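Below you'll find the structures, each written out as structure tokens.
In the two assemblies presented below, chain A is common to both, partnered first by chain B and then by chain C.
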Partner chain A sequence: MLQLKNIVVQYGVVKAVRDVSLHVGKGEIVSLLGPNGAGKTSLVSAAVGILPKAAGTVTFEGRNITRCAVEQVVTFGLTLTPEGRRVFADLSVAENLHLGAATRKDRAEVAEDIDRYLKMFPILSERFHQTAKTLSGGEQQMLAIARSLMSRPKLLMLDEPSLGLAPRIVDRIFELMIELKKTGLTMLVVEQNATEALRISDRGYIMAGGTLVYEGEAAALAESEDLMEHYLGGGVAA
Partner chain B sequence: MNRLRQSLINSLFPALLVLVCITVVHFFAEPFQVRVAYVFFMNLTIAIGLQIFMGNTGIVSFGHISFMGIGSYAVAILTIPLAMKRILIPDAPFGLAYVHLSIFPACVVAIAFTVLIATLFGFVLKRLTGNAAEILTLALLVITHVVFIAWIDLFRGPRALYGIPIVSTLYWAGAAAIVAIVIAKAFRDSEGGLQLRASSENLLAARAMGVPVEKLRFRAWILSSGVVAMGGILHATFLGTVGPNSYYFDQTFLIMAMVILGGMRSVSGAIIGTALVAAGSELARTLENGPVIFGEKLPTMFGLTGFFLGAVIVLSMILRRDGIMGDDEFEDVFHRWMRRRKEENSGKPSAVSTSSAS
Partner chain C sequence: MEYFLQQVINALSVGSEYALLALGLAIVFSIIGLVNFAHGELITLAGYMMFFAAATFVHNPLFLLPIGVAGAVLGAIVFERVAFRSIRNASANTGILTAFGVSIIMQNAFVIFIATRPKAVQTPEWLSSVMTIGTFSLPVLQVVETLVTAVAIGILLIVLKRTTIGMAMRAAAKDFTAVRLMGIKANMVIQAAFVVSGFLAGLAAVFIISRRGAIDPFMGSVPVLKAFVACVLGGFGSLEGAVLGGFALGIFEVLLQAFLPDDITPFRDAIVFTAICAVLVGFPDGLLGRRVELGDKEA
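Up next is the complex of A and B:
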């Protein structure tokens, strides 16, 4: 469904991502793991067109989207939930959800979708008219995910959805992803929390120092203690 | 359509304020007070024009007063009688020395021309963010000023152009202010306005949602340039004369102080800020001349008005960075007040639910 081929992302002379290729199949949850500074966020940001790519191609559902602007990529059905719960703090929950549908023109269906996600995330319906900054960390993450879903993605990229959240909330978020998978949504999850992410994933990739160091079935990855220890446990990149 | 209707309804209150103000001035004011009120409405139009851009994009603009200047000069050059133009600018390029329009077509052309200049500049500006964009707007102000001064054939350089028909009245200024308010409110509440405000708060997230940030920024820039040009026309057609120094740093800081004090993210804030700064500068101007109060002659304090504006900006930066209104419009304050009153009247919310259940 999504194919990244030989992607290079460069900040000046520093290469944050070097020649990375990966793919996500329809209906899968794929995790992209790795320590801080491995280039995971740069890779997904470049994939949707927020960051420029120095080289490589991105194909989504057979269409080459390497040179497409973000607003176009979103209309094709590829949406990124950026890292760090970037909700619009001074805007209300309602406005945040509306903004998720920025690329859509079908007003009536947007309203229907809002109803659907308020049922899925009851806490958001309680806080519908409050500004997003009054929400707790977990609630803000729910809002960020619901907002991304408002664009009706076929493939959702979640960048560090568990970052800075209490373990109980993290469990809720991962349960939610399993529910979303049942609705047919494909997901690419960027995580440092490898054990949790692999539990819900079909496959996994490990990045370190800007390159892909391992790929495989999630179960196999989770069992290979060496690998986990080496790249994720110690937090030291190769 | 629903949003538009809502923002029209929300514009009623500030529009009503303007009308009340005009009525009071019409019946009770001395001629010099009418002049003060006229300048107030003119500055209000310009401040709201600036708010359309600054408030929605979050980019501070030092350049909008050039649109005031371009609008003023355009209307001046088009409406000064031909006989007078032959004396003032006989060598005007593009045959402009022989062009004369009546006032309304001239206004339309002046606004259109200002918007055209803004469009050309906008192509560069929309790609930039933050400091780079702000410095670029400053450059725009300086460039226009230099063009006014150096293009002597067309603008008569540092000397003023005069002979513009003085046709504008308090009512036109008030009408322009109302038009500006309606445009600003409608844009702020529109889908694009909301998206733009979101992008100014968190650019990355807005872009990830597919908000076309550059396109919207461009739109705000163009729209605000047209509104500010309207203010420039009010200036030229009231004084009958235009000179390059009216459209430079002094005017820029006056309008900036108004928008920043009131809260640049809110249209209502721009209105309140304009009113307070206008009242304050009027007071400072009186004190500047050393008035006699209770038989005591105060010393003349030259430069007090400028000091006052500086103080307003410094104090609001220290005490209330978001300005008096912050993100709120009049209607937000009103709704909050109503909600609080309702809660007080009904006592504790839990008591209500039990009584209705039983």
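Up next is the complex of A and C:
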């Protein structure tokens, strides 16, 4: 469904991502793991077009989207929930959701979707008319995910959805991802929280120092103590 | 009493003019961080559009007013497309220099292709007349300007609150990338900001020209400076701040003019700017400016 081939992302002379290739199949949840600074965020940002790629190609559903602007990529059904949530702080929950659906013209269905996600995320329904900045971190993350879903993505990329959240909330977010998978949504999850992420994933990739160091089935990855210890447990400096 | 009321409406109308211009500067700044010093040239452009329309096919001065507004909107769109779009990701300094460049080019183009000397522009006579309410007589222009400004700000509020593009503009003021992640085109949001700023400048232009009765190539310089000062006073980038700063500046200027002893009035501007400096000592980010909440633009 999504294929990244030989992606290079460069900041000045520093290469944040060096020649990384990965793919996500329809209906899968794929984790992209690795320590802080491994280049995970740079990779997904470049994939959707908010960071320039120095080299490589991105193909989504058979279409080459390497040169597409992010605004266009969203209309193809590829949406990123960015790191740090980045909800629109001064806008209400309702307005945030409305903007998430900005590419859609079908007002009636947009209203239905809002209802659906308010049921899925009941806390947002309580906070519907409050500004997003009054929400807690976990609530903001749910809003960020719901806002992304409003564009009706076929593939959702989630960048560090568990970052800075209490364990109970993290569990809730991963449960939601399982629910979403059942609706047919494909997901690529960037995480430092490897154990949790692998629990819900089909496959996983590990990045370190800008390159892919491992790829494989999530179950195999989770059992490989060496890998987990080496790249994910000890917090290897990248 | 009548003198007092006249001065109040005078203060409100000058405040309105500054508020319209400051709001236009602020809305563009809040979204792309550009201080558009070519904003004043939109006023001049509106003036020359009215002048040419009057000289060719428009004989009723009433119709000149919407032509002036349209001229400013068009100018804003062209400035963005031709000058500002290509430097969008450059540093703030590049933006300011480009804006000065646009301003200088426009002023000199008016000088070279039209004339240095002022040209008369006719506006409807009723606009320059005096109306009588009860025992008070008030200048129509000032009353209309205040009302139109109130309505324009009201409409702007509705657009910002209720429409998708308005919400996107508010969101983009804090985090443009996140807005683009929603699939909202950056060009569209920025163009909308310029259209709004052009429209507000056009409204202000119509009143400025009605008051002066004439146009010249450099007529935009002073108003844009006042608008800039109003923005600084109110807090740069804050829309509420721009309106507050505009009205505060206008009202303060007029009240000083009206109530200072005659031999001190030449120092009016010095007093105004000293007062603003004093305010900035207390509120370094302007009255409604907020430094802490730059969001993702902090980096």
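Definition applied: the second predicted complex is superposed on the first by the 236 of 238 C-alpha atoms of A that agree within 3 Å, B and C clash if a C-alpha of one lies under 4 Å from a C-alpha of the other, contacts with A are read in each partner's own complex, and residues count from 1 in each chain.
In this text, a contact is a pair of C-beta atoms (placed from the backbone, for glycine too) under 8 Å apart; a residue touches a chain by one contact, two chains touch by 3 or more.
None of these values were measured; they are calculated from a predicted model.
Would chain B and chain C fit next to each other on chain A once aligned, or clash?
clash
If you stack the two complexes on chain A, which partner ends up touching A:169: first (chain B), second (chain C), both, or neither?
neither
Which holds for A:74: it touches chain B only (first), chain C only (second), both, or neither?
both
By the touch definition above, which chain A residues appear in both interfaces, chain B in one complex and chain C in the other?
Touching chain B in the first complex and chain C in the second, residues 48, 50, 69-72, 74-75, 79-80, 82, 86-91, 95, 98-100, 102-103, 147-148, 151 of chain A appear in both lists.
Inside the complex, what are the residues of chain B that reach chain A?
Those residues of chain B that touch chain A are 191, 194-195, 197-198, 201-202, 204-212, 327.
Can you name the residues of chain C that touch chain A in the complex?
164, 167-168, 170-171, 174-175, 177-186, 293, 295-296
Which positions of chain A touch chain B when the two form their complex?
These residues of chain A touch chain B: 48, 50, 69-75, 79-82, 86-91, 95-96, 98-100, 102-103, 144, 147-148, 151.
Which stretch or stretches of chain A touch chain C in the complex?
Listed in rising order, the residues of chain A that touch chain C are 48, 50, 69-72, 74-75, 79-80, 82, 86-91, 95, 98-100, 102-103, 147-148, 151.
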